[in-house]
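So that you can tell them apart, the chains are marked A, B, C, D, E, F, G and H in the order they are listed, and the count of residues begins at 1 in each.
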Amino acid sequence: MLEAEKIKSILMDIKKGKLDIETGLTKLKDLPFEDLSYAKIDHHRGLRQGYPEVIYCEGKSIEHIKGIVKKMLERNSNILATRANKEVYEALKDTTEDIEYNEMARIIMIRKNEIKKSKSKILVVTGGTSDIPVAEEAAITAEFLGNTVEKLYDVGVAGIHRLLSHRKNLDEANVIIVVAGMEGALASVVGGLVDKPVIAVPTSVGYGANFNGLAALLAMLNSCASGVSVVNINNGFGAGYFASTIIKQIDKIK
Amino acid sequence: MLEAEKIKSILMDIKKGKLDIETGLTKLKDLPFEDLSYAKIDHHRGLRQGYPEVIYCEGKSIEHIKGIVKKMLERNSNILATRANKEVYEALKDTTEDIEYNEMARIIMIRKNEIKKSKSKILVVTGGTSDIPVAEEAAITAEFLGNTVEKLYDVGVAGIHRLLSHRKNLDEANVIIVVAGMEGALASVVGGLVDKPVIAVPTSVGYGANFNGLAALLAMLNSCASGVSVVNINNGFGAGYFASTIIKQIDKIK
Amino acid sequence: MLEAEKIKSILMDIKKGKLDIETGLTKLKDLPFEDLSYAKIDHHRGLRQGYPEVIYCEGKSIEHIKGIVKKMLERNSNILATRANKEVYEALKDTTEDIEYNEMARIIMIRKNEIKKSKSKILVVTGGTSDIPVAEEAAITAEFLGNTVEKLYDVGVAGIHRLLSHRKNLDEANVIIVVAGMEGALASVVGGLVDKPVIAVPTSVGYGANFNGLAALLAMLNSCASGVSVVNINNGFGAGYFASTIIKQIDKIK
Amino acid sequence: MLEAEKIKSILMDIKKGKLDIETGLTKLKDLPFEDLSYAKIDHHRGLRQGYPEVIYCEGKSIEHIKGIVKKMLERNSNILATRANKEVYEALKDTTEDIEYNEMARIIMIRKNEIKKSKSKILVVTGGTSDIPVAEEAAITAEFLGNTVEKLYDVGVAGIHRLLSHRKNLDEANVIIVVAGMEGALASVVGGLVDKPVIAVPTSVGYGANFNGLAALLAMLNSCASGVSVVNINNGFGAGYFASTIIKQIDKIK
Amino acid sequence: MLEAEKIKSILMDIKKGKLDIETGLTKLKDLPFEDLSYAKIDHHRGLRQGYPEVIYCEGKSIEHIKGIVKKMLERNSNILATRANKEVYEALKDTTEDIEYNEMARIIMIRKNEIKKSKSKILVVTGGTSDIPVAEEAAITAEFLGNTVEKLYDVGVAGIHRLLSHRKNLDEANVIIVVAGMEGALASVVGGLVDKPVIAVPTSVGYGANFNGLAALLAMLNSCASGVSVVNINNGFGAGYFASTIIKQIDKIK
Amino acid sequence: MLEAEKIKSILMDIKKGKLDIETGLTKLKDLPFEDLSYAKIDHHRGLRQGYPEVIYCEGKSIEHIKGIVKKMLERNSNILATRANKEVYEALKDTTEDIEYNEMARIIMIRKNEIKKSKSKILVVTGGTSDIPVAEEAAITAEFLGNTVEKLYDVGVAGIHRLLSHRKNLDEANVIIVVAGMEGALASVVGGLVDKPVIAVPTSVGYGANFNGLAALLAMLNSCASGVSVVNINNGFGAGYFASTIIKQIDKIK
Amino acid sequence: MLEAEKIKSILMDIKKGKLDIETGLTKLKDLPFEDLSYAKIDHHRGLRQGYPEVIYCEGKSIEHIKGIVKKMLERNSNILATRANKEVYEALKDTTEDIEYNEMARIIMIRKNEIKKSKSKILVVTGGTSDIPVAEEAAITAEFLGNTVEKLYDVGVAGIHRLLSHRKNLDEANVIIVVAGMEGALASVVGGLVDKPVIAVPTSVGYGANFNGLAALLAMLNSCASGVSVVNINNGFGAGYFASTIIKQIDKIK
Amino acid sequence: MLEAEKIKSILMDIKKGKLDIETGLTKLKDLPFEDLSYAKIDHHRGLRQGYPEVIYCEGKSIEHIKGIVKKMLERNSNILATRANKEVYEALKDTTEDIEYNEMARIIMIRKNEIKKSKSKILVVTGGTSDIPVAEEAAITAEFLGNTVEKLYDVGVAGIHRLLSHRKNLDEANVIIVVAGMEGALASVVGGLVDKPVIAVPTSVGYGANFNGLAALLAMLNSCASGVSVVNINNGFGAGYFASTIIKQIDKIK
């Protein structure tokens, strides 16, 4: 672990007299993140967690987002900005060349370093056409984090044969992300067909007693199929990220 | 309509002078139900709705239930007492010979008149073994109301092939009752496979964020399959009764 | 069943040597739906479920809706597009001649084939004037699916005599759809007056502790009258469709 | 107003020099309630509000209840103890002769002074037999507070003619209390039939998505009939008390 | 009762041979309401309930509202249109001279007949300045229904002395309407000070865990003071109307 | 206590005959607040609670706000107007010179009297950048009430070292306000690190099953760390004010 | 800060060569808590937070509680065990002499060291008699943590004069804890009377739409009085502890 | 895939004339599960999903459970029976020798075949001692499914150093299961420290506004740390199973 190394070298310097104790004490407390006054940018997170910097844009002023991105760019990080509306993109698009915007998924990607692809496979499945924006958020996130992603859209349980005819896709994946609104039954059906991690993403697609995705959320949490876990409503990013942590464990072991 | 006939004959009697106006007025207001002071027994309901008397036992004192049953027996009605625990049965079992108790479904049946069976078919399907008590309540209710009932239990979506291998049962039924707890996905899958009325009964089977059946209820209300309607949580009786009203329409037309 | 026939003929071909096993295996898995990449159109649904194609427009991009409609038109299907705002209609109206838009019900109808009317009758009842849009969604859906629909609007329980004076309409219907907001009491009153299926549609009409239709939904699920089942809040389409599956059973038997 | 008189006489005494200022100040602050350390008994409440003392027993230890009752008895008050289980009654029954217990309503009544009856009339109506305990709490409370109470039980909306045949009772009452569980529709129907105050009491009778009376509570709050107000779930006491305040206004004016 | 009289005279005519039975039967069923196809106008309601016609505008199209008003005007009724935005008023203001609009309360009043004032008094109290629109809805409704209304605004419990210094107003009223948002505590405090009916109106004033008035609603339903009943959130009209039914009982007795 | 003094002097005057009893009685009831008809301005609150006047602007008309401010200015009070949008500020900015607007915190400050700073310290901490507007509301409120405020923003638990490296700030504060949305875990972590009052402010930052801050609110109420209390969602003002009452106790004792 | 001292001395030892680097590294990570395998006892918490050890008993097996207590006793700590039923006390009472049990508050106290009393005052106020157990939990907790506690019970808002006559108690306290169920209005009224920290504790006293304290919780969070913060439902311990952190700040400064 | 192989061989037999078409058709539909009438046992699930049979005991009658277990034993499966109370164990313990019961976790294990251990590691972490039963359910499930499990209990965020001192355990695991009640903050803190899949299990430990685990559930779904997914409240089994599917992917790749 990196930090252990750092602490060791501080101790070494103290031992050798290169460093007086007060300074050593201060250094020990001085973890490597940068202060923008309104945002602590955590450059070490890449090291600690092995991923690019992520900015969740909703609720942040454009000024703040811009400031954060610029600081990150100084360190040449790859950047993923989620929940970014067009206005955010317009404000950022001239800050760097390597910027790209996916409007449906509301994601801005800034690629400063090449992203190596894992050969393990993540399959993203949706119940309906209306679930696609959330699915795309998941897919793009996973791809940006270095994964191979396959998609199987509009295979909801109202026409179960549509799903059954794609068993091969299910069988070939290492991790499956199921994105579904309304009653969210797709997660249970997929979970019953495979023996691999199924990450369920409830969407707010639906109306009436759907309560903005609560119906699908509760259904997925109560799935009668084992091997299903759940992320927040519409949280495509979270599903893509979580799937990615699994692939990293697979690749690490190989 | 019976009541119209009755009013007509009252008017006739007034016209003919057989009846003075005040008495006529009173008679017009005098609808045929009996008063037990704590319960108005509605003997006409059988006529009006074509079914036996039903007593919902929960929350009623045993004294009250007994009084109601005795009054009904005087008119020789068939009686269905739902949500009846063993104690209620013990209190009632000596009031009449034709009494029968189904403990799992918590139903008491008193058969005073022969029940003619319809040839149309109601299929009762459950997701799991734990849903069976509610399913039995539905099945017994429907049978007592004169229907042919078939059962297909434990075919939940976690093993979708179990359901798919019974397509013939689904195809042969006129009405399907789907009883399921947890995420209630079975209603959607069945609803997607058939072109007939699917009555969904959420059960309180499950735990945690199931909230006593709320998860299944919301899922069923939000079913992505068309042709699904829903009754209250654990309301097997309601589903059996509703299915029965459909069969009556089918039989009436024939 | 159609699919069984199809499988049989595949097996026959294999037996006769007309088909090698690998191709047969693939064919067996090849169910007849078409792939638009963002939407699997299920042309067989018409066969399987006996109805026209339905598109739920909310949450779908206009581009997607247009693509789906075009593909369907190639097969000359009747199409019902629900929750369609005016913008969707504007985008579609030049794709075909037989298109019609009902703005109050937010429904687009494309009639490519004549719709035969059943003689059985569906009655749509509303509590108030504000419930009419949802009632119209139900009525138009049912009519488009080949049913005879009658309407009885603004007969809520605050003036119970308005409903009672229409007993004849209630008596003549085979299925009754009750559309009501606020406290949704109309479903119980109607359910107590008839011996036929009553489909309750809670609407979000009301304010304060109505919680967008939750009050009516809970009231309807808890109806003290038997013979009532419920669909989702504002789900006029679902009620019309469900009513239609009942009529189909009636007609089938005849 | 009593207190004004009291203050006046204190001021008079100060003016006359009978009272020094400090004592006057203290007296002004000294409102007439008694201190049991664990309960401030408010003997003036009878004066201020014109009613007997009321003890809500739930959650209080028997020791506390006993202490409160004894103190009240010293001042010879009429006492109404609500939500009193049998154990409480057993503990109290030897403290005074004039004690009476109604087990169904869970009310203990101690009559130390004669209660004069108003001639105005309160009608208590229930939807079903299971609602009777709450209705009795309302009826007994109202009677103990000096009102004439009439009862009309088991006239729920599933058989609307039962209610309609009792229009005379509705017409003769000055205030109507409607006690109903399940979907609570009775309040709306009664409210639509009369032009007088209707006090709705939701009960927790029901199951599933009834959520312990929430369904009836929401329905009653959303009543489409005007002239309906609501008290808490199962709060028979509150309804009886509120009805009583209305009768007091009527009687006062007369 | 009017209707009884009417029925009697029909019976008389039958007896006398002035009326044949079939026509008599029809007449008996023919209750006096008019059909606009989209709205049943209930002209008898005025007779039955003693009040002007009321239109709840929210959710109704302007076309519908206009049609209803015109029909009512033909019978020269007083009309109260609640939840009417400015657009509705603009559409109606030329239909009659006697029209008036109160924008804050969102109420349109059409006075065709003189309104006699009761001498009994209704006091409308608010917790804060933001509760005034709802309070005005209550006050105007009560006045339009023939009551004397007094107002006491901005006396919330955060400065309890503001309320206490107005005890005289409280003491002089026959009915008190308490309008309060946030935690709704004012209803309990007023309820504890008086011995008369207190009608609590929760408002949606507040934020965060106020949940659009739910906090105040629950608080008021759980009031520790007796003599408090509750209407729906923001339902100023309901409170004014309910208060008015009480005053009518008072005046009737006099 | 001021009021006691006042009452004493009234009594004195009565004793001395300077004041007749009726006038004295009236004076005793005459607490010092001013009546604007739509708002009771409570000038004594400053005395009673030791703070400037506060206006909560949301839901108040600009006319009302303006009237309240003008009245307050006549008495030369410091004024804090919270939840004030720009439009409110525009309407007020010419009424006085000493007015200042903080747009992010939506606060208007009018300084008529010098504000003395306490030396005790309030630390405002946020989980993320999006929580800053609420934090600023807290900070500005506390400063306006005479406190020394320090800020530590964007130290959420996803990077716990960011917080841990600021232990000194935590250690030096007398009261800590923790502002956090999403899962609100920061309050528990801070509460576990210090032995001083931690005031938790849940924010509505987040999405999906966050339910507008409910997730953070519940988390904070259930904090496993002792020494944490909670104010309403987004209630920065409340936190700042509450912190200020603590500092006043500290300063009073000194 | 203690830990800083410890780290310094480790660094010193490394500098002096008394300690090799690997051991130093390990020591730095070795924070002073003890491992019982099922519970990490945090002996330093006393140092870090200045309080005795606290055990929350609910949900812990008696075996576990016993083990934890024994380990703590070895270090001679004062121990406060909350939510302890009688069975727990029976199991513990022989482990040490200095043990005491308060059954109403469900608290076990073990006093191994003298507790010095602060002179600052905490006042605990309740709305009703039923709130006393929670109030006692708060009072005992605060006393055990070294505070002077005064009590004012049963002064709820239904009889506001009971509270008003105790203004002196309110004025003399430094911190006020308000414990109230039902509608929780007492917190707002107290908050409006004083200028000091008011800690509101909602209790689950009540019924119906009280939802186990939710009504009081929401009311308190939405208090219209400033200077009120809230702890969890029935969390007397939390309120006592939080009040104690305030007193510690007061005493520290002195 | 096994099933494909099977279908292939059926086709082969048809081709070769060993099998007539009708029998082939039947065989194709004949999926390998056994019918107990009340439960379809799915023996293929082991093959399809690679795991032993699992019985969820809650809500099943002992008779049913016994029947299911016996049938499974005939095929010599390993069996995991969850949510099994002691009564269930008593009923089963004589059916086979290899049965074992863990009372804390309420799990029955029947080992008929050796379970090979994976070398990948699952770490189970709890916030408090009260969370241990759920954690044990997770740990035992994972072990029974062939995984190496390590435990780290009672390291909740109220004493964050307890967790931080175990970073090595966190770093060595492949998957981490975090079990926490109250505010569930531990999941976020752990999620922020590692770059591997964190499976959060909310428990119902807590009281008041915890709402049986809802507070922790919402907090975990809203975790500000990426890489966290959630299973149902108290669903230790689900977490153990899900973790196991991840390990299987890791091992498969190796």
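In the analysis below, a residue touches a chain if its C-beta (ideal position, glycine included) is under 8 Å from a C-beta of that chain, and two chains touch if they have at least 3 such contacts.
In this text, all values refer to a predicted model and were calculated from it rather than measured experimentally.
Simply put, of G-H and E-G, more C-beta pairs touch at E-G.
Sharing over half of its contact pairs with D-F by residue number, the repeated interface among C-H, F-H or C-E is C-H.
Here the spacing of chain A and chain E, counted between their Cα centres, is 54 Å.
A separation of 25 Å divides the Cα centre of chain D from that of chain E.
Between chain C and chain D, the centres computed from C-alpha atoms are 50 Å apart. In whole angstrom, the spacing between the mean C-alpha positions of chain B and chain E is 40. Counting partner chains per residue, chain A shows two or more touched chains at residues 128, 159, 164, 167, 193, 208-210, 214, 217, 221-222, 226, 232-233. Under the contact rule defined at the top, the touching pairs of chains are A-B, A-C, A-F, A-G, A-H, B-C, B-D, B-E, B-H, C-D, C-E, C-H, D-E, D-F, D-G, E-F, E-G, F-G, F-H, G-H. By the touch rule above, chain E contacts chain F in their complex via residues 128-130, 132, 153-155, 159, 161-162, 164-165, 167, 181, 205, 207-210. Of all the residues in chain E, the ones that touch chain C in their complex are 29-31, 33, 37-40, 42, 45, 56, 58-60, 64, 68, 83, 202, 204, 212-214, 217, 232-235.
The part of chain A that touches chain B in the complex is made up of residues 127-128, 156-160, 164, 182-185, 187-189, 191-193, 206, 208-211, 214-216, 218-226. The touching residues of chain C, when paired with chain H in their complex, are 4, 7-8, 11-12, 14-15, 17, 21, 24-25, 28. Looking at the complex, you find that chain C touches chain B at residues 1, 48-51, 54, 120, 167, 171, 174-175, 193-199, 217, 221-222, 226-233, 237-239, 241-242, 245-246, 248-251, 253-254.
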